[in-house]
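Labels run A, B, C, D and E following the written order; every chain starts at residue 1.
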Amino acid sequence: MVNPIYIIILSLAAGFLLSIFDKSGRKLSLIVFYSVLTFNVFVIADWFYRFTVLGVSTLTINTAGFSAPLSINLQLGIQEAFVLLFANLTGLLAAIYLIKKFKESNISSLVLYLILIMGVNGLVMTRDLFNMFVFLEILSISTFALTILTKNKKSLSAGFKYMIAGGVASTFFLLGVVFVYYFTGNLNLDFINPSDFTNYGLIAIFLLSIAVFIELKPFPANGWALDVYESVNSGITSVIAVVNSAAIIFVFYKIMPLLPQNLLNIFGIAGVVTFFFSNLMGLKQTNAKRLLGYSSIGQMGLLVASIIYTIHSPNKLIYLIVGGFFTNHLIAKAGLFWITGIVKKEKIKDWGILKENKFLLILFGLLLFALSGIPPFPGFWAKWEFIKLLVHGKMFFVVGGILLGSLFEIVFLFRWFTIAVKGEVPSENPKISFEFSKYFSTTIFVGITLTISVVIMKYFYDFNWFQFLPLIAVVVLYFLDFIPSKIKGFLSLIAVGIYGYFLYPFESNLQLFFGIIFIVGSAINIIATLNRKNINKGFYGFLLMMIFSFGNLLIAKSYLEFFLAWEFMTISSFVLILRGKKAQKASLLYIIFSTAGAYLMMIGFSLAPNLTSNSALIIAISNINLPILVTVLLAIGFMIKSGSLGVHIWLPEAHAEAESDVSPFISAILLKAGVFGLFMVGISYINHVPAFDMFYWIGWIGVLTAIVGAFLASFQEDAKRLLAYSSMSQVGYIVASIAILSHLGWLSALYLSFNHMMFKSALFIAIAGVYYRTHTRTMYEMGGLIKKMPLSFISVLIGIIAVSGVPPLSGFGAKWLIYSSFIERGWYLQAGVLFFASAVSFLYLYRLIHTIFLGQLKYEHQNVKEAPIWFLIPQVIFMVGIMAISMYPNLIIQPLNSIVGNYFNSSIIVDGYNITSSLGNWNGNMIMFVTMGIFVVPLIILVLLNGRTQTVKQFNIVYAAERPESPQTTHIAYNMFAHYRKALGGWGKPRIWNFWHETNEWAHSLSGLFRQIYTGNGQTYILHIILYIVVIYFIMGV
Amino acid sequence: MDIMIKILYAVISVIVATVYGLTLGGVVQKIYARVHGRFGPPVWQPFIDIIKTHGKRVSISHGIMFYLGPVFRFAGGLGTYLFIPVIYGSVVFANFSMAGDLLLVMYFIFFGQLGMALGAGEGGHPYSPLGIARGLSQMSTFELPFSLAVIAVAIQYDSLNITTIVAAQQGSILNWTLFTNPFAVIAAMISLLGMNMHSPFSLVLAPQEIPIGPPVEMNSSFLAILQTNRGLFTAAKLVLFMNLFFGGATNLLIMIVKTFFIYLVSVIVGAAFPRFRPEQSFRFFLKWPTIIGIISIIFIVYF
Amino acid sequence: MIKKILIIFAMLGLFIVFLPLITNFEFSQNLSELASKYVRGSVDELNSQNVVTSVIVTYRGLDTLGEVTVLFLATAGIGFLLKKKNKKSKKRVASEILQTASSFLVALIVLLGVYIFTHGHLTPGGGFQGGVIIATAFLLLLLSDVNMKFNHTILQVVESFSGAFYVVIGIIGLVLTVGFLNSKIIPLGEYGTLFSAGTIPIIYSLIGLKVGSELTNILDTMRGE
Amino acid sequence: MIVALILGFALLLIGIYGMLSQKNLIKIVIGFSIADTGTHIIIVSIGYLRNRTAPILNSAVDISKAVQQVVDPIPSALVLTAIVIGLAVTALMLSFVVELYKKRQSLSIDDYQELKW
Amino acid sequence: MISVTIIIVLGIIMIVAGIVALHLKNLLAAIITAGAISLLASVIYLILGSPDVAMTEASIGSGLTTIIFLYALNRVRKENKDD
């Protein structure tokens, strides 16, 4: 137990003597330097341990032999210890990071650094206002001087701007301090009574607080900070962004009790405004460090807002929210700044270099994920609880600002990430030099953030290992990554099997049904991935993570568990999509839309009433009367995931650009997660029908999705894109059927979901096989492959028949159910549009099979072989499945009937194989046999009558005027439905795409517009500060 | 034994329909010729054609799908026909209509078209996919008014069961859908023009543009099957229309009379109008008949 | 132009912010409670005549330590920033009379400085003022002899050790468990004499030395070559 | 002494105005220094009590009544610290100015805008 | 009363000096003028009963700061001459 004042003493003594030590060599001074920094960390860590675990009470340290207020006193409590622990740790690690610099540079740099850290400790612990000013100056001056650790024109001018801004701020702080003394006769925080500030006395407190607030870099008075972040050495920047900020935010926290409520409110809003605008302006930023600067400033704004808005909450919540934001920002930002120093690429577009260095890329990714508030990192929990708190406080504008700001942040952070993973390696300096110290610090921080994440999950939320499972999967497979891909594939298959076994006893059959889609469907699809060669680092980890999060969705017992699984699903699928060769843009779109959806859901869940039972959410929700707003928000969130019209534009990109054996997962299974969610909303809805019939509109959206998806699919040249739009269209049917909210409707939705899972998996895998052999997805580059890949052809044939709904295959059942339910419900026009969509679907289905398998074989494909066995196995399984339920529809209709029977009274009569609705009937079995009969009989006749038929070679086209020369000119495939597009005229314009494109452009233009205020002129920045002070003063209105 | 009798009846029914359909084709050829001022082929010309093409010495196949294409096509025609109760009250002509309802029939129409398209596709002739692309596009457009009309009918009779629909139209000529729901009938009849692919909607076979269209590579027996199917399929469609809109038929004669006149409508229109360009055709179907179809639904729901 | 208008707005705004502080200002008639305690305590507890000194060195000793640190940082920062150039500049010889006179004066001025910081607890002034005066003495040397070179090692040693001793005196208080920077760790002496007020004169002397050497250093660095 | 207070604020405003309006880096620092002086005057004038003497309790002051006779020592103590800190900051600023000038041979703040947006 | 008058007179001089210092083209003169402000300020401190502050301001504020300013100016000028 060391008195923490020794931190100050030792640092000072060492600082004073360091230049003397240096006379006998740099080694000695370095040893002293690092020992002191380490000492600081240990002292504080020891105290932190005492406070948290042993429950020691807050420590007060008097100086000069007098007690406060006579003398200056320091205080070390759990909060101080928490802040200081991270500040000192960051200080130490940043120093380690900078070791090379410290070895070379002037001894003064060590002195400055050491005293900077001392200043932070003093600033956090002191309770005296003027002492705070002194420590603030110590901190500022050492920082000013350290900005030129790497001296160049940029860092010098940035440093100067920083100085004059800091100078102005401290002048105001000083004024505030003396006027506080004038009004209260005291300088010690513990002895100042906020009620002494009557009327214009508030100005004193205003000056004090605004000065601190300016130091926290509020928008727009923060240009100087951005310049500093951009130009200063990464190690020092991390200290400024993290250690200094931590200290100053704590100062703000300390003086907060003095502030009147209206000023607090203003600061809260100002924090949110800062968060929003800095993230908005980050959109257009291309310089890596400046981008981090924007993010950093934004996070500080968020932190301020979170401190202000949580002030009246229980301690545990404050720790989680403020502590979460705090550590999250601190660690992630420091780590990212360090990485920018390692990578040494100013422009974000050059960051493709990172993919050469996998370890660094993982660190980068983890830190970036942490910064974006993705589970399990602390920011996620903080955001969840914070939004919940704000929503309960009805502060919707604040919520909107924060979430929109977060979305912008996601955009630029993930853009950066995708560039790092997929971008081009810059031609000059294509190697990242290795420096152990730099890697060391960054790695430690990543480790710490992961530890904190686990601590939060374990101790704040008490999740069980099942909820951890997606993460465990990633970690375990990360360590098994050296194993060849095939073995990992088998292991994954086994793992999914075991997982399914443990998952199995479900509380309801609906869960079981989706469990089959999610788990069994995934398992079969995994077989296709066994075709992978080599190692395939990271693939199976994220695949398992995704599959396990699907399963966890089913058994989630609370909103948070559901949302957690949902986020895990999003992240893992994002990473999987990103693995595709050109998936940079696609994955970015995906994550942006998913996040937007997730944010809506977050608000929705926050608004939802508490659950009353301890069942899985899908069951418990039936007793919950969701307000209409919640229903809308959740529904939009789920519909984004299922690619409904308007928010579908991520879908084709993601499906098309993902690796070809990943696409089936996305289409066949991931989209069903959205469907599952919609069912959840529906279950609550049917039990508590609100005044506003929202599902009517959802129904229309589903219907329009179906038709637009079908049309879009028809105009694609890319096979996977075609299938993607087809998925969109099919899920449109499902969404519309759910929206019917009737027995028949839900029956159709479930039936189609199951069917779609099978035939779309089969189709995607078949196309994967074709792609594997031909290396192209562009359909007109193929043709005639039926002769080379007959099995794939059969699979596609069965697949498209099932999709199209032509009897006798199971697709017809879906169509029959859907139309029956629509007409029964009275949604006639919708049914008509669906009919149309269904007819249009023939266009793309024929196009798919014709342009790939029929027509003229290309010369370059003369030697392609049938798809590998691993692709064929799952296809066969799905074929068998489709045939089985086609022939014996009862296999599926019976159980579905009983599932839906839990929610609605059954409206169909199942008699043998005959299914009768109020409108008509359908006997799948009989249809199958009749069809077989009428197919076989003519076939036999033909074979008997036409024994002389001879098969001719390619190009022996009998009735062509000329013998065609090249397959390219003979194979009609390109822009096959050009005339249709022409007929559609103005309807064929990509309006929705244009809309989002324009939105994007607008956001970037706004970003460009707002950042014009940062003229780069130090004087203008001062003007901003002064104007900011004046404006806040007038808003406060004393 | 029951099933054998059923099959026997079905065979009879199919043969009758095929013969009738082919004859109808011959008659229409004749009418066309007379309208054009020619003498025209005999009404049994279709039968002669079938036998002749079948007798061709050279028979060429481009592959398995090409081989199966005509089979699919014929099966489609058969199926469509077999799932329709042809004559109200008749056991022989009830076919397999108990297997499903109107929706089944509508979707079974696609079966043959899809199969044919696949077979033609493998033929490798550029005209085939051109024709199919046109055909599928046009099909999607005329399906829209047709489906609206069907929905209107379903609303009207609160059933999708063809037998039920026919039963509801019995008793008086005024019970026919034609009179109770005229808009639906108009929409459907316009669709029928497209379905029958007569001028001005003869995009698929379009003689001067893509001669013959999809079946361009079909020869000998393959072509013969297609020609047979053309008769059966035409009959099936006409019977379906008769059932839905014109009160059905209680005996063979009424059926022949009614279907003939239904067919005549498209023939007359075909003789009077020149062929549309593809996009004109698509746009046409998506405009007027669709509007009429929507009107029919509104009409039946609100009046 | 827009900027000018904004500046005027800003200034006007600031004026309005400050205005209530001026218009409503009332001079208090009595010392605040805290100040009264300081005044009394300076006599009763610290035995120091100069209350300001008591406050600076003892009561708010931590501030002063920080203040010294700030100056130290500035020295370090300036040294870090303005690295010496080894460029030869034109020699300019000052007159001999000036040099001799200044050497003589330096001793006197240093003596004055020492007087001021040792008497900080009795008269106005103290470590900082004394330190500045010492630095002025060296400034005189710098001005009279352009080529004057200080022995930086000595400066550094003085600076470092005076600072370190200051801290050590603080620690003694901690070790004796009466608190960091407690000035009562040695006898308080007789009121009003040089050796009174506990460690105040010692600390002020150390501060004086430190400040003097630091400022000399700053001046030397700023002067450049 | 309200006059001193007004003077202090006036100097503060003049200094800030100088920082905002002057292009020359050295003048900006001068402005800062003037503002600093202004602040110090404000602080001292806050501590002033009418008709009282300096808080030095030598023979001129009755020690027992010292509390009624001296001005507030706290602001003086604070100002002392503030002045030293002001010096430190000013000196550091000036060395920045010198270095900046070395890099670009200009004293105009408008010439140092390469970092922006 | 005398002290108030002195402060007013000094104050006016200081304010004028402040404005002049900012507007002087000659930097040397500007620095000296600014130094004078500090010097006058120390007189005011003396009047306000703070001899400690007065000493400090005189030595640091007006003395040392001005010298540092001059040195900085000198360096800048030398830099200019060198090139």
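Assume contacts are C-beta pairs under 8 Å (C-beta built on N, C-alpha and C of every residue); 3 or more make two chains touch, one makes a residue touch a chain.
Since we're looking at a predicted model, the values are computed, not measured.
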Listed by label, which chains are in contact with chain B and with chain E?
none
Using the average of all C-alpha atoms in each chain as its centre, how far is it in Å between chain D and chain E?
11
If you average the CA atoms of chain A and of chain B, how far apart do the two points sit, in angstrom?
53
Report the inter-centroid distance (CA atoms only) between chain B and chain C in whole Å.
106
Which chain C residues reach two or more other chains?
7, 10-11, 14, 18, 21, 32, 34-35, 38, 50, 52, 60, 63, 66-67, 70, 73-74, 77-78, 81, 124, 128, 218, 222
Touching two or more other chains - residues of chain A
130, 134, 137, 141, 144-145, 148, 151, 179, 181, 187, 1023, 1026
Going through chain E residue by residue, note those that touch at least 2 other chains and give them in order.
50-52, 56, 60, 64, 68, 71-72, 75
Pairs of chains found to touch, sorted by chain label
A-B, A-C, A-D, C-D, C-E, D-E
Can you list the residues on chain D that touch chain A in the complex?
12, 16, 19-20, 23, 25, 28, 32, 35-36, 39, 42-43, 46, 74-75, 78, 81-82, 85, 88-89, 92-93, 96-97, 99-100, 103-104, 109-110, 112-117
Given the complex with chain E, which residues does chain D contribute to the contact?
1, 3-4, 6-7, 10-11, 14-15, 17-18, 21-22, 24, 26-27, 29-31, 33-34, 37, 40-41, 44-45, 47-49, 52-56, 70-71, 75-76, 79-80, 83-84, 86-87, 90-91, 94-95, 97-98, 101-102, 105, 107
Touching residues on chain E, where the partner in the complex is chain C:
50-52, 54-56, 59-60, 63-64, 67-68, 71-72, 74-75, 78
Within the complex, chain D is touched by chain C residues 4, 7, 10-11, 14-15, 18, 21-22, 25, 27-32, 34-36, 38-40, 42-43, 49-52, 54-56, 60, 63-64, 66-67, 70-71, 73-74, 77-78, 81-82, 122-124, 128, 192, 211, 218, 221-222
Chain D-touching residues of chain E, taken from the complex the two chains share:
3-4, 7-8, 11, 14-15, 18-19, 21-22, 27, 30-31, 34, 37-38, 41, 44-45, 47-53, 56-57, 60-61, 64-65, 68-69, 71-73, 75-76, 79-80, 83
